[in-house]
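Handing you this structure, nothing more for now.
We just call them A, B, C and D in the order they show up, numbering each chain from 1.
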Amino acid sequence: MAIKTVDEYRERISKLKPRLFIGGKKVEKLADHPITKGVVEATAKVYELTLDPQYDDIMTATSHLTGETISRSLHIHQSTQDLEKRLEMARLSSQKLGTCNYRCPGNEMLPGLAATTWEIDKDKGTEYYKRFTEYLKHAQKEDLVVSGSVTDTKGDRSKRPLDQDPDSYVHVVEKRSDGIIVSGAKQHTTAGYAADENLILPGLSCRRGEEDYALAFAVPNGSEGITYIGQYNPYSVEREYADDIRYVGNPIYGQRETCIIVLDRVFVPWERVFMCGEIEYTQKFIRRFAKTHRMNCGGACKVGFMDLIIGATQLIAEYNGISKASHIVDKITRMIKLNNTSLACAIAAAHMGNEEPLGSGVFMPDEAMSNLAKLDTNDGFWEVIALAGDIAGGIAVTMPGEMELENPEIGEYVSKYLKSAVSAKKRMRIARFIQNWVAGLHGVATYQGAGPSQNEMLILYRTTDLEEKKRMAEELANMTSREFYNSLKT
Amino acid sequence: MAIKTVDEYRERISKLKPRLFIGGKKVEKLADHPITKGVVEATAKVYELTLDPQYDDIMTATSHLTGETISRSLHIHQSTQDLEKRLEMARLSSQKLGTCNYRCPGNEMLPGLAATTWEIDKDKGTEYYKRFTEYLKHAQKEDLVVSGSVTDTKGDRSKRPLDQDPDSYVHVVEKRSDGIIVSGAKQHTTAGYAADENLILPGLSCRRGEEDYALAFAVPNGSEGITYIGQYNPYSVEREYADDIRYVGNPIYGQRETCIIVLDRVFVPWERVFMCGEIEYTQKFIRRFAKTHRMNCGGACKVGFMDLIIGATQLIAEYNGISKASHIVDKITRMIKLNNTSLACAIAAAHMGNEEPLGSGVFMPDEAMSNLAKLDTNDGFWEVIALAGDIAGGIAVTMPGEMELENPEIGEYVSKYLKSAVSAKKRMRIARFIQNWVAGLHGVATYQGAGPSQNEMLILYRTTDLEEKKRMAEELANMTSREFYNSLKT
Amino acid sequence: MAIKTVDEYRERISKLKPRLFIGGKKVEKLADHPITKGVVEATAKVYELTLDPQYDDIMTATSHLTGETISRSLHIHQSTQDLEKRLEMARLSSQKLGTCNYRCPGNEMLPGLAATTWEIDKDKGTEYYKRFTEYLKHAQKEDLVVSGSVTDTKGDRSKRPLDQDPDSYVHVVEKRSDGIIVSGAKQHTTAGYAADENLILPGLSCRRGEEDYALAFAVPNGSEGITYIGQYNPYSVEREYADDIRYVGNPIYGQRETCIIVLDRVFVPWERVFMCGEIEYTQKFIRRFAKTHRMNCGGACKVGFMDLIIGATQLIAEYNGISKASHIVDKITRMIKLNNTSLACAIAAAHMGNEEPLGSGVFMPDEAMSNLAKLDTNDGFWEVIALAGDIAGGIAVTMPGEMELENPEIGEYVSKYLKSAVSAKKRMRIARFIQNWVAGLHGVATYQGAGPSQNEMLILYRTTDLEEKKRMAEELANMTSREFYNSLKT
Amino acid sequence: MAIKTVDEYRERISKLKPRLFIGGKKVEKLADHPITKGVVEATAKVYELTLDPQYDDIMTATSHLTGETISRSLHIHQSTQDLEKRLEMARLSSQKLGTCNYRCPGNEMLPGLAATTWEIDKDKGTEYYKRFTEYLKHAQKEDLVVSGSVTDTKGDRSKRPLDQDPDSYVHVVEKRSDGIIVSGAKQHTTAGYAADENLILPGLSCRRGEEDYALAFAVPNGSEGITYIGQYNPYSVEREYADDIRYVGNPIYGQRETCIIVLDRVFVPWERVFMCGEIEYTQKFIRRFAKTHRMNCGGACKVGFMDLIIGATQLIAEYNGISKASHIVDKITRMIKLNNTSLACAIAAAHMGNEEPLGSGVFMPDEAMSNLAKLDTNDGFWEVIALAGDIAGGIAVTMPGEMELENPEIGEYVSKYLKSAVSAKKRMRIARFIQNWVAGLHGVATYQGAGPSQNEMLILYRTTDLEEKKRMAEELANMTSREFYNSLKT
């Protein structure tokens, strides 16, 4: 079995030396820094769940390359059942972490990369798929954390890469016999600095002339020329300066931490290059990645988050003594409805999945349904947090810190005046947990993660066969008969 | 193969003699009366589709009783695949008919009835399931049209049956050695008068003392004591007086036609009685029926309707020359989104289905997902028709009749001033088809069919495990640790 | 006082001889034909309300031309108070008629026409305003019904008038010394055939070369060359063939009746021509008309309709015995919320109104607010009818005809099985009234009347000062300081 | 003129010595502490605006007590014009501060208190109004900052005050000849610690037996027995530890700061007691306060916030080079629509206001419209921030800190990779400003401020005359005629 233990993971992570900056300072030890520590803990938890027998079916899979039991985080879906297990993994890890499963985004790129490299090789006689397969075997064998980056920094979105600073999109700056030199930066990368490997994949549907931008490769963490710049926001500062992390919203695992990965003339040997110049495959890769990502991250992951939010909201309603009021029951039911709708779309996406391309052995979710999962989640998640905020009430944003309970001067006041049907401590703890969702980063992150709503709308429109629907209507309206046709001529 | 041809069906229907009144007059021949004719045509079309090889997989099934190929309209789901085929049948027939598949509602009661009679027999040693099985074999063999009625007329909804006119709900008024005498009436029955058989099933979750109301049975069309009273509305009158039905909205199949079935001391022999007094099984039956119905009628059937509406709306947009405008594309995409959401829920309901009760062999859709399918459809369908109305514009309600095209005095004016990018005839035809949806009965019928939204909300709330969600939140908020527990005591 | 009595109105209408076709047949007497009779009755009711002392303040005004008391239907707003009274008139007449106040659309064009002709005369030395003033004095003195038509038939919306059949938009075909000859047709005209006068006004924002289409004029009903073609739909047929109109939805006043007005080389003398060739004023007129119309028809008129729908829905809930259920109260409250939101926007539009152009004495509603009134109403009205349909339930579409109560064969059944907390007759009567809204023409008509939502969106965007909002944000984000400016340079 | 300068205000605030704790520590100097400093700056800005001639009309009023020019923050509305000016003040201060105008909540209680004390005196011969008038004269003369507190801490919401810890609601614990002793605590008080005076008013509609809770009074900041406990959350920590406040979201004025005010046996002399035991007036006061608050805080204040959010979102769209894309224009327009809807309701509330009680001279907004303003804002504000998040994209939550621009090791990377159509600095600055809204406290605060949505729903239902609407429907459905009445009897 090619699955590593938590301790092995911690050991490995302790050796990473990424060049990482957060909040104006260099981060020295990932496992100690108050912000990156949460990333390490979350990832460790995923390793723990993977070896937990009760989640065996969800968290592990059988490698199609080696036949060994591997982490599902490194698996390429071989069936619709695999797609379903994959979404269950996304939901489960969200329920357990309340933040990103940092092995997830990288994993979502693997099937699209497998499918597309297979197709390029088949069409062009290249050997990308062969390289990728070797690479994947290595990752599976070592049970590595692989991050994935797609979104370029883009600069002015109204301009193509060659019409502005060419580094606005990651690209080849030099080709050598032993490999390539690349420059540019990717943004929104979930904790790339804490991964063993960074996958860098095309985020732009390239046109002729943009061959240098049609580029997929992998680099190990800390390769020369790579700098990571971490996000920094009120939730970062809270964690940075917390005397006691029990008093912050998601105490152990924190927020979803992302970074910009700057690639400043980074060398990549050819065996780690999986696409280089094949512009006509960039959009194929992007749509394959997107549909996988939108089923999981857009759909199932947020279902897990909504499970937590619903649970916490029901708790605060009970704590406040209002959980039986009809308007509270209605609102909780509405939250359930929105959550289940996202789940239904993700399940439909998996269940309607197909091998793509035929012969590759790679299974992909249904494109319309996976895009729909993301689209329904965009609106649904915002409404769920709105309802949670409405039910929790002002306390979710106006509450003092839990440390005041131990302040000898006012602890008794806080204890007395923040108690409800339960003690102040319980109430404050869950209110802070809710704050994390209703006044935090996850709302916007839900829109951003897996792409903005307009992208899903476009795909939905394009994947729909309007001609067929038109024909159905014409047939029923009796417009397809010879008689009708003749009547038009007169 | 136990499947009858269209001609056999037409032959059979021509012999039915229901006591039926519509619009103040008695209907003599179902196949000739302008309103009931549409029902006959729609049902005939279903027989036609059943024998059409291209729909074989969807429209037929293998009887678990006889092993014969039968119409899926008389099948009891034996697997989740059966549930999926069943919802495909609902969508297909909606696409082909633009109105009710009149074999559908009855079919949706059969699995719930099979499951519940099986369970009663198992629990109580009765022989309802045996009777039902015999009855079903007969129906399958003759390939009968079986209507189903659940909704009582109810009188004052704030009162139980025994606190008001006892006939407000169908009940036993006398038990005899050879059978029972029943009275009461069911409403919203889709074309019971044109079915070979009428299933009458409990619509009330009965309490102690209401044993006479816990009642399930079948009666043949036209049994003594049965009177059908058909719906009557502007769409009825339009069809009643149309000189040329090509000029009405859904020319061949018309609106969904329903009726009240009055049972005035109707005799039912014991072999057709499938429940009689077992109050504790009424709610079980209702929930089983409801979840089947909400997946199909609530979900998939309306998906078929929305396919038609989207197709027609795209046509009128093209006819008007505006189909490329960004706001039109956005609205069409929104319609697609709503449609696919309903479909996803129905698919999830089928795919997550289970045998229920264990050992019965009957498969039921997932209860939360099927209720969700209906709930999402309620709002989605209304929004779809709103968008269709918005895109089609005023012509959908202010248009003159198509017969004016042939009026020698003004035909040329109509032809000249109602043409657009296409001829006036095409534009008027599709506008009338759209009118049928956006200014017709289907909007409200979508809320009513398969039950009002509040019912689905209740089920959704009840089927959700809030305790589990609470535990997840507590765990992440670090409220399940011994340390936290201890801190509460101080 | 220049206000005519109902009898005077009926007398006058009895003399009209429009060339009118409905449902394939020529209409001979407006007051007798079952469809046009409703229009006459509705208009008669408006005359009656105008002379009813309790509505004096709302229904009448003082002419700024003659100082006489006139019907507000012929008044030009002289103040924001006038705008407010105007919207109260719209709401009141909707409450009383449940359909169009047929004097309303014409009235909504008068202020825009007054303002624009005044402006053209001022800018160009023409005498349109003078002609218009004489014309208005005449209309006020005789208390005439003036219909208004703006929407051309348009043909292919992707083409300008000169790129297709030139008659797709009303235009001048010949200029003579004594007047002009015009051709084309207007659609969606509310009952133009039953008005004394037809105003024909520009519906296209004309460009250079389209001078012949920049055209405003008035013609008397029945002028030579004018043909009216009435709308025809299920609600038309219902009324056409009803034995007893008490049994239809809005028994006395019916649906909103519209027609196409065909102008086939109609002669208009110069004194009735109010714009002819001044392309740069067409958009000005349209925006002025639109903002007036959107406040009244888009906003207040539908508020009156929603008042009726809410009332009827509350009645059916009481009749069914469910009016105290929390979900019913919630839904009724939601309907109230939507209704009041439309009202608030209309009131804000009136209250924020201004004299436009300065010096003209004509008051116009605030453009953003009046467009908003329509926009909020579009969505709100649909949701209100959805909620009414949800609460009323299936009976709103599956009910038999009320005439069945008098059918000796089944009257007692109907009476017994359709009673609830009240008699079947009351319940059926109000259910039919609700059907009229939830399964009728008003839903789409609400989108269409006063223009599709996209138009209001465009105006809202254009009337908003985004630069000012940007400046506010920049100032608070400390981006307007010299210090920030300097920091950018480094 | 009784208006103080900013310097006078700063001087006065520097002398306040509240017993205040934030984040586990005692706050010593309000003007220096990084969190409370923002409150002082915001209040100072309000003093500045009050003396700014261009806002004269909005920010000042004429005292009805003294005839002097006073700050509108201490004015009692004497007309609907005053109500309109009041909402303009709310919008203006939100635009200028991007957070709470800390003089606002107290001001919103003054008219309700004036009206209710006037009414009690009239009904009961007490002298509350006289005391209140003297108190108000003093506040106006000294131009004091008066905070207002209504919301008790409540404990278990399912219990009345006497069924749980009696201090869950503020109440009288002892009556003396010279005054009363009160205990309890109020929560959600906007910056009570930085006000000269704290108004403490009833938040519970009291029943018989709860006389001790029917209590209104004023106490000076820092009275013996008063402790303030400030809110503490990620945004607090960010500000607490910021090296450079320019890099936080709303740099100068910060978040809305609230606190719990604990009253531990506080003495209040009789001349500062405005209600004591008159239970039947508690609900009257609450509804008066609520409708004032819902017009301003629920409506207009958030309109000002939405102005800022729309401006910032338009900026980021321009910075990213996407502001002309049709879906961006649509979303911006949608934001405008939601904003204007809130504004329209607030304007209607003011314009439809009335003197209440008659004779008191106090003007109150229309109750339905003001509640509607809050209700529309609840949903509208959440959707506006959702749209802002959608348009701004991931950068709003994944961005590094602006200080990185000055980090010599990576400043150039940040500058290069975060630039777009504008420099990284501009883009980061506005993105941080947006973060403040889309990932901050304002979303939930909007629900909480002025009360949860269910409260407004209840008022809307209660203030609507459903009987009148029912009558309208019955009349049109021809159910009020003698003929119909007679037909029921047969």
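Keep this in mind: a contact is a pair of C-beta atoms (placed from the backbone, for glycine too) under 8 Å apart; a residue touches a chain by one contact, two chains touch by 3 or more.
All values derive from a computational prediction rather than experimental measurement.
The chains that touch chain B as well as chain C are A, D. Looking for a copy of the B-C interface in A-B, A-D or C-D, one arrives at A-D, which has over half of the same contact pairs by residue number.
Chain centres here are Cα averages; for chain A and chain B they lie 40 Å apart. With each centre defined as the average position of its C-alpha atoms, the distance from chain B to chain D rounds to 51 Å.
Within chain B, contacts with two or more other chains are made by residues 327, 330, 457. In the complex of the two chains, the chain A residues touching chain C come out as 326-327, 330.
Residues 95-98, 246, 250-253, 307-312, 314-315, 329-330, 332-333, 336-337, 340-341, 343-345, 347-349, 351-352, 368-369, 372-373, 375-376, 423, 425-426, 429-430, 432-433, 457-458, 460-461, 464, 466, 468-474, 476-479, 484, 487-488 of chain B touch chain A in their complex.
Across the complex, chain B meets chain C through its residues 21-24, 26, 151, 153-159, 165, 167-168, 185, 187-188, 227, 229-235, 237-238, 240-243, 248-249, 258, 260, 262, 264, 320-322, 325, 327, 378-379, 382-383, 385-386, 389-390, 392-401, 403-404, 406-407, 409-410, 413-414, 416-421, 435, 438-441, 443-445, 447-449, 452-454, 457.
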